[in-house]
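Both of the next two complexes hold chain A, though its partner changes from chain B to chain C.
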Partner chain A sequence: MGFQDTAGLYSAAAALRLALFTFFPALPDLLTSRVEVSTPVTSFKRLQEGLFLYNHNVSPYDGGVYHQAPLLLPLFSLLPDASTYPFFTYLLYILVDIASAHALYKIAESGEAATSKLFTSARKDRQWSGYVVAAIFLFNPFTIATCLGRPTSVFTTCAILHAIVKAISGNPLTSMLALSFAAYLSMYPIILLPPLILLAYDRQHPSNKTISLLPFAGITVLTVATSLSTLFAISYLLTGSWEFFSSTYGIQLTLTDLTPNVGLWWYFFIEMFDSFRSFFLGVFWLHLSSYMGGLSIRIRSQPLATITILLSIFSIFKPYPSIADISLSLAVVPLFRHVFPLMRYTFFAASTILYSAFLGPAFYYLWIYAGSGNANFFYAITLVWSLGQSLLVSDLTFAVLRDEWEVERPEMGKLLSFFTPTVDGDEIMARFVDDTEARGSVLIAADGSSSMTLSLLGEPGTLYALPARFMGVTAVLSEDEMKPLRSINPLFSQGAHPGTGYFMWFSVLSTAETNGSLGPG
Partner chain B sequence: MRSFLSYLIPPLFIFSDVLASDYHEQLNLKPLPQSSLLASFNFRSNTSLSQFEAHNFRYFPRSLGQILQHVGTRELHLRFSLGRWDAESWGARPWDGTKEGGTGVELWAWLEADTEEEADLKWLTLTNALSGLFCASLNFIDETRTTRPVMSFQPEGDHGSTLDNMHLLHGVLPHEIVCTENLTPFLKLLPCKGKAGISSLLNGHKLFDASWQSMAIDVRPICPLGQECVLQIEQTIDMVLDIERSKRPRGNPIPRPPPGHDLKCNASKPYHSGDTCFPSDFAEGEDWSLDRIFGKSLKGTCPLTDPDAPPVCIHVPERRDIFTTPGASEMKSPDGLSRCYQVPSEGDFSMMLPRMSREGDNAKTVADETVQPETPLLYAERSFTGHGQDRGGVQSILTNPSPDTIVEFVYMESLPWFMRIYLHTLQARVEGTSGAKDDIVEEIYYRPALDRVRGTQLELRVRIPPASTVFLTYDFEKSILRYTEYPPDANRGFDVAAAIITILPSTSPGAPPSRQKTSNLRTTSLLLSLPTPDFSMPYNVIIFTSTAIALAFGGVYNLLVRRFVGADEGAEVAGGLKGKLTLLVAKLSAKFKGAKGKVE
Partner chain C sequence: MSSSLTARGLTDRSTTSEFEAKTTSNNAEGNGDNGITNAAMVTTAQPNGLGPGSTTAKLKSPPPEQQSHIVRRSLIAASFWLLVLCLGIPIWWKTTTIYRANLPLNQMMNWADGKSCSPVFPIRIVIEAPSLTEQEAQSLISITQNALDAMHDFPGHRLRLEAASQTSLGGIIAPHDHENNALIIRLTPGDIATFEPASSPHAHLPIFEITYPPNSKPTPEAKSSQLATYIAAQLRSTFAEEQAILSYFLATSTISSDQQPQGSHNRIDESLSKRMTRSMKYSGTYHLTFSLFTSGSNPSSWDIDSAINQYLRPVLDMLKPIHNFTIDTQVQLYAVPGVQSQVLTKEDLSSFINAAEWPLSPSIGGAPTINFVVYMGNQTIDLYSGEETSQSWLVPQWGSVYLLSPPAATHVPSEFLKQPVLTFASHLLSLLGTPQSGSLPMRLSTLTRVRSVDMLLRASSSLGSLARLSLALPSISIPPSVADGVAKSIHHLELACSNLGSTKSLEHARIAETEAERAFFEKSMVGQLYFPDEHKVAVYLPLLGPVGVPLFTSLVTEFKAWKTRKL
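Up next is the complex of A and B:
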């Protein structure tokens, strides 16, 4: 789990980004201006405007442009001016990407996705290594585009991933600090608190295992509250007023800026009737936060799965989503490589997402620049984009639940694919078609006439054709009609004809309906 | 009428100080190049402040006076403007641009109030009252269109110590179309109400047909040294008429191609000959008369006006022939560039400027016809850059034509909130003089817009070196609005108010008199097109989006609330709620049957 394994990967990713920054100097600004990359609450251009106002002693929150957290201002003030020395900004964003990738690497290497404290998947050996997961994140075109577009959501991504990795490694307090920072930057990550508490609780150091869940949750919530209040107090000291609250978080609650983005909110609230606006804002937020409880309870044994599903849901349903959110969601989903075979609509969901990723910019162009389309074009594609992602989410949920169920009910739905003695020869390992396996000292095949076990042994179980014909008849007879037969034998009789080889056999069965032994009622 | 007034007026003059309360009107005509005529009407009346406060309004219009008293307005400026002043050919603006507004309606006033909130409330009352008085949509000057300029406007009147609790508020309605219904109340404020004197020439058909026009009302207190303070109302109408267009008869207003022999040709073209004609853009040496271009003659003088001041003046060179109706006396100014006419107090007055022959013994040149217009201190142009409906830029080109003087001015923009400007992209680039430094912006006052609350206010103090051009550019983003916030003609776009440029008086002691006072100019207004949603879609969007959310929510919760079983176990475990209910019903019916049995 050292840095050496991944140094090559990280330098390749950094080199790719630096090359893009260097050889396409217009690309960062082009991506910054794209609605798919920059939202009103993350845009780099708005950050620069806020920074400009901040450096000229105008409150950036007394205006409609800057809606980002106050602490970003001194951070970026320390950097040399982004328009004259963009290199330092690029470097910062590359480093943040690598820090996120390293967190992902550690999450994947911990194996938490398949082996949590309360649950061990039968497919745990099918996981991807941290190297692969980190590479998928770093070379995802969405991640690269996000890095070049420089939205501030990358800091939220980095903080969320570090909150997870710290929770897994048994540092609940650090994890809560990281989560507070994410929530401070973007507000919505606070919804991740319950599953993260569960994750941190499950992964505590064995030394302090005595504490039960409720006090533990109390302490962690208190930590988050304290660190958030500290961050708010620092922000107040920085800006000199509480204006940043309504500007940074109020806008996410009231959606006053309706700039188009890849989500569902903007067009809905453009077209919403004024009298229902607040009601639907409430409904949308309620919907976004409703998944937290259900998922945390139902998938209690796998808090990381809950977090993954929640992150994917955020990238669809948060007020100002961008491709930075889907890059985070696509970064954590590969942790669950082992349940991919259980997903049913991967092809459909993947092609929907791909198709809308290409058509979205085209339709935006038709609407805004060419004028040959209208707003519905872009709206329709965001609808498809969201549907594709929600299909992926529900499919992943299904796969995780099915994986859990197969551990509960190992007998269900198993089909042997092959078996082989283990290397040391002590045991037999049987692998099933759903990529699970079982080990034991004896393999008993009770799988019927067309037995897989037999065919694997080279003696495929078949049916033999006998040179005989057989015909059976059943007849219901009355007591009188039965008498001649009963006179032969009260139960059964059989006999063979020596000349023809015919064989005859009959049996008599007296049932309750006919012999009158059936009681009344 | 005259006899009635003559009885009425002498007693009035006896009881008041003539200096403190007078009325003055004058029409200044100035032929401009390209066959245009600038007509400036100026009406000014004073009333002493003490009389005004005692509700003795005299020549001050009562309707306006009562509004001003009610809301504690100390100084008021109202402008109704239309068209574009072509500075390149017409030169400097009349009144140094101080009596013109941006396209549409512009209002600024100094209100007396203790707090900003009180000033806002008074401003609201003022705009609503003026809206009713002038039949203009001034009531739409809400908080998003109101600014409090910091550097651009200075009070014109003498306020003394009251200045401390005065609040300057400024509002523009660039979309307002100025028309006849605004002229009628304007004329009603005049003592002679358009019935006599120079105001009898004013006619909506001519005024709003002008290439450029500006109606202004200025109310300000003036305290001459050692005399009582007076409240002065000055009403001004400036218009630039296209002489040829104005001469078109009312009964036959549709322009038709003139017959070949009447065609005016541009003889400077090389191919000009007897059978080829390149029509000239404008007729040179056009003859005109006052009654033809205004559609009627001047009806005597207003009996209330100062009898010594000549009511009509014209700025033409000495050699220009002018004929007037009999009874008028001509007074030439010593510099030979203007002459004024004393008009008979009764009867019609008109003046005629005949076509001046360019040939023959007494040939006249252009210089004999019009006075060469003055070069303005500054040329300003403003336009949008970029394409598409999500972002753009604004470029203002400001040129200092003077070869030796520096021009210092304040450039003020008040932009609507849905035009989201990025101040960090503001750049001022100088072209012209070599070695000019780029940091010509000396001071910036910026108040960013807040969505749906207030617009952007940007004031820049700039110094332009001589003979150079400044390019001011900045980027902005176009917001998309809620569908109810668009006007009915959403795809026409939104008007963005003119930038107001206030040229500051020169600080050097040897500056010419024209440089020692503040002058103004305004750019044209701009048309901003915003991205529009589909206005017919609200139900569809609500339904589609809700469906997408329901699918996701259903997809996830359908899994979360279910227990997984094998397909063959379905019936047996179908228990759950349904099974429990069946059991309960069976129990109940058994009890019921049992009870029934006991009774029997």
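Up next is the complex of A and C:
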């Protein structure tokens, strides 16, 4: 795929969004009020409420509606009022989307997904270009719906992607700053810190390679702590109290607002006994963060894969997920285009996700508006939704591990696709159907009658059918049982029936185990 | 580009050649392996195609695992277990432990059984006898005291007679001198023996005037005297009602019967019990609502402020040491009563209040509300008897209603309201549980004592119930606030018990009662009341089971692998 100007792509995406904003003026507000798009901790409506209180010098957290970070308020109060001049708000959200897409473009162009410092995939040539990855993100319906619904999670998305791109480009401090901002906005991205540290460590400039991992991790953690404290201090100065902790992170930790969403938490905690509520909140949060350690250790050689898998896990198991989260996880999955041939359930996962994406709103309508369904309808469909996503993430994990395994054990499961002499003519390069290749001076084909090598040479091996049928039987016999047969002939015996022409053959095979000649080696 | 073309052209072949690829690779692997089994040899003798899948599985024996991979796998298992042990277990412990604060159970049970405090009032009665010499007074007092002790019909009262100190003889009685005195008796010589309440300069101090004929004056030597017997009898009858009420409270409380005065059951009067159930639950503050409901558009205003100030305020002032009052008033036009008939029978009275439409909120603040309703309409009450026409009735634990025929004017002057407000005042007293006999100061001082005992008993019984509850349900949680409430309650009970009979005691008893009730009805305590242990399996297993299985199997596998490596 040749390089094309990304400016065209970005302007097309911006134009599409602007057109939707302009020609369907009711659409943004409709999407804003959808539970699939807006959660209590990201909703644009709630942001408006907080903004109103903030502009009237009342604490934005009064009234218990606004649960978002305080720093969003001065940002949005700089913009003209969203209800009278919505254009500027639209513009901001479109720009944030394009910034995210550009970060994705750079991540994809870096090739980190297939060629990290410690690992090079045998399929690295099969990656999609940054242009395609950015286009998939920008024209993903989930991304577009998120942009129209204007939840504040887009800022988190943008910050996470920039943290990744900065880590890849060898700016660990900037990367940590971006991650701090993401964590400040939504709290859960802090779980990405360990794989991001590994990624930044692997990709730092060769000049400062002298530093080992532990001090490096110490410095980065310190950076994150400092920048987070600074952000908290600024928030304190803005709102005049530490109230924002309990109103933003406290809500996420304790799940006080049980508004339905596409996640798995709300229904569980509606049903949970009060006395076990705090215990299960702990269990759910531990579950969410437990993958971080195991994945970082297991896929140490590919930190970007760890981050991708964690992002997908977040969009399933975080307390207030929305389609903004799946748009992020679907944005980073195409970076791993090279392992797609190894994925086994793509069709099933994709159709499950599509199925629930269409049925979810319908069931929500049946429950809330029509009154002919109940909460179980919607919850069941969110279960299916999560099932689809977990299939996708587990399949991707499998594919990444399989890709790694094939590099470790190159002899396993090879199927020749073609061979050709190398450019200098000294060697023969054999390419296999799983996009791996091998070089050598001689290619020895021992692949049987229907040999691929033969057919590549233009003389496909053929089988000739004989006008005879054979039936074989095997029997394992002990030495005593064998004696009468051996007495006929120690090796084999044959004979033909004179009338029918049937032919009989038996042969004796003395194995190493039975005749006691099995050596020690 | 040519490469991709070739690849595409060959993919359809991949399925056909898959089997071969598999067998060749298996052979390649098998050759490197020492453990060629019997079965493997047999298979090679077998014709191709008779089920290589099943037999090749036996062939597979992966190369030995790299050391780094073993370490890595152990690390992964450890990372999950570290999280479970370092965070999961503490969270589980912290959030599911049932907090049980230590309660002074013995002390609580003692209070409930009445062992800690027996409600005995030292009632000090001061006798002022300016006309008697000190010696005469002393002898009179000792004789009367003997006579009173001889009656000893009720142990709850301990009447103690005292001579007034000389300083107060001049008629200047400082109120604080008499704080602990329940009654003052003034003896004045007269023609015939009388016993009547006298007006007191201190509203809260009942004073009785006794006039006696000079011949009944006791002599120091006499063992009995007519005057002394007379005083004793009068005192007994004065305190009879109070005794009856106290016995009633003791009888209905949870204090075990051996602590109760003997024979108290018999003395419980039907009418007394009725009166007691009629009265409001004690509260430090009551909210009085005066409502004017008119059947038509007239009258639309009333001079209730001045009527209250004129007729009710004196009573409220007298009650001040015991209760506080807040007052509001309202006028409602075109009010339709619950019963429309012209003549109200006794049965109609209970449904006269139109609870659905009349704005009589049950309780405005924290304080219980007492409602006083004046209804201006044409309805009359007929109680079958015919002769007596009543205009008002009392609704137990709620308030009182007064029927008035509407005046011509739109404004109701305060004079017109005199009778209703005076009736309300008397209804208020009975709603508060004031005894019916005696002078008003006497009734109020009795009310103080009666209410103290009432509160004391209620608090003690709440404490007892709480103690029994915490013993009976070992799985109930007892938050620190409950322990705190119990400690406060016991502290105030002790204070109340030590100065029984005074207004301070009432105050302490009231705090003790509130604290005990608050502790008993603590919300977080009852949440887990019925949660048997079997239910915990249902709570834990559905989620933690699936999570726990891989955790434990990984641990077991790692352990087994470690053991085989060791061998």
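As a convention for this text, the second predicted complex is superposed on the first by the 441 of 521 C-alpha atoms of A that agree within 3 Å, B and C clash if a C-alpha of one lies under 4 Å from a C-alpha of the other, contacts with A are read in each partner's own complex, and residues count from 1 in each chain.
The criterion applied here is as follows: contacts are C-beta pairs under 8 Å (C-beta built on N, C-alpha and C of every residue); 3 or more make two chains touch, one makes a residue touch a chain.
Just so we're clear, the structure is a prediction, and the values are computed from it rather than from any experiment.
Chemist: Check the residue A:Met482 against both partner chains and state whether it touches chain B (first), chain C (second), both, or neither.
Modeler: neither
Chemist: Who does A:Leu391 touch here: chain B (first), chain C (second), both, or neither?
Modeler: Only chain B; A:Leu391 stays clear of chain C.
Chemist: So, A:Ser290: does it touch chain B (first), chain C (second), both, or neither?
Modeler: both
Chemist: So in the superposed three-chain picture, is A:Thr256 touching just chain B, just chain C, both, or none of them (first/second/both/neither)?
Modeler: first
Chemist: In the superposed arrangement, which partner chain does A:Lys414 touch: chain B (first), chain C (second), both, or neither?
Modeler: Only chain C is touched by A:Lys414; chain B is not.
Chemist: Please indicate which partner A:Ala217 is in contact with in the superposed arrangement: first for chain B, second for chain C, both, or neither.
Modeler: Neither partner.
Chemist: A:Asp447 in the overlay: touching chain B, chain C, both, or neither? Say first, second, both or neither.
Modeler: second
Chemist: Would you mind checking which one, chain B or chain C, touches more residues on chain A?
Modeler: Larger number of chain A residues touched: B.
Chemist: If we overlay the two complexes on their shared chain A, which of chain B and chain C does A:Trp367 touch? Say first, second, both or neither.
Modeler: First partner only, chain B.
Chemist: With both complexes overlaid on chain A, does A:Val58 touch chain B (first), chain C (second), both or neither?
Modeler: First partner only, chain B.
Chemist: Can you list the residues of chain A that touch chain B in one structure and chain C in the other?
Modeler: Residues 273-274, 287, 290, 294, 298, 412-413 of chain A touch both chain B and chain C.
Chemist: Okay, in this complex, where on chain B does chain A touch?
Modeler: Chain B residues touching chain A: 387-391, 417, 420, 422-424, 444, 446-452, 477, 479-484, 531-534, 537-538, 541-542, 544-545, 548-549, 551-553, 555-561, 564, 566.
Chemist: In their shared complex, at which residues does chain A touch chain B?
Modeler: Checking each residue of chain A against chain B gives 33, 35, 45, 48-49, 51-53, 56, 58, 62-65, 256-260, 264, 266-274, 284, 287, 290-291, 294-295, 298, 309, 313, 316-317, 367-369, 371, 374-376, 379, 383, 386-387, 390-391, 393-394, 397-398, 401-402, 405, 409, 412-413.
Chemist: Would you pull the chain C residues touching chain A in the complex into a rising list?
Modeler: For this pair, the touching residues of chain C are 3, 6-7, 10-11, 13-14, 16-18, 20-21, 23-25, 28, 34, 36-38, 41-42, 45-47, 50, 72, 75-76, 79-80, 82-84, 87-88, 91-92, 95-96, 527-528, 531, 539, 543-544, 547.
Chemist: Which stretch or stretches of chain A touch chain C in the complex?
Modeler: Against chain C, chain A makes touches at 273-276, 278-280, 282-283, 286-287, 289-290, 293-294, 297-298, 300, 411-415, 417-418, 420, 431, 433, 446-448, 450, 452, 455, 470, 472, 474, 476, 509, 511-514, 521.
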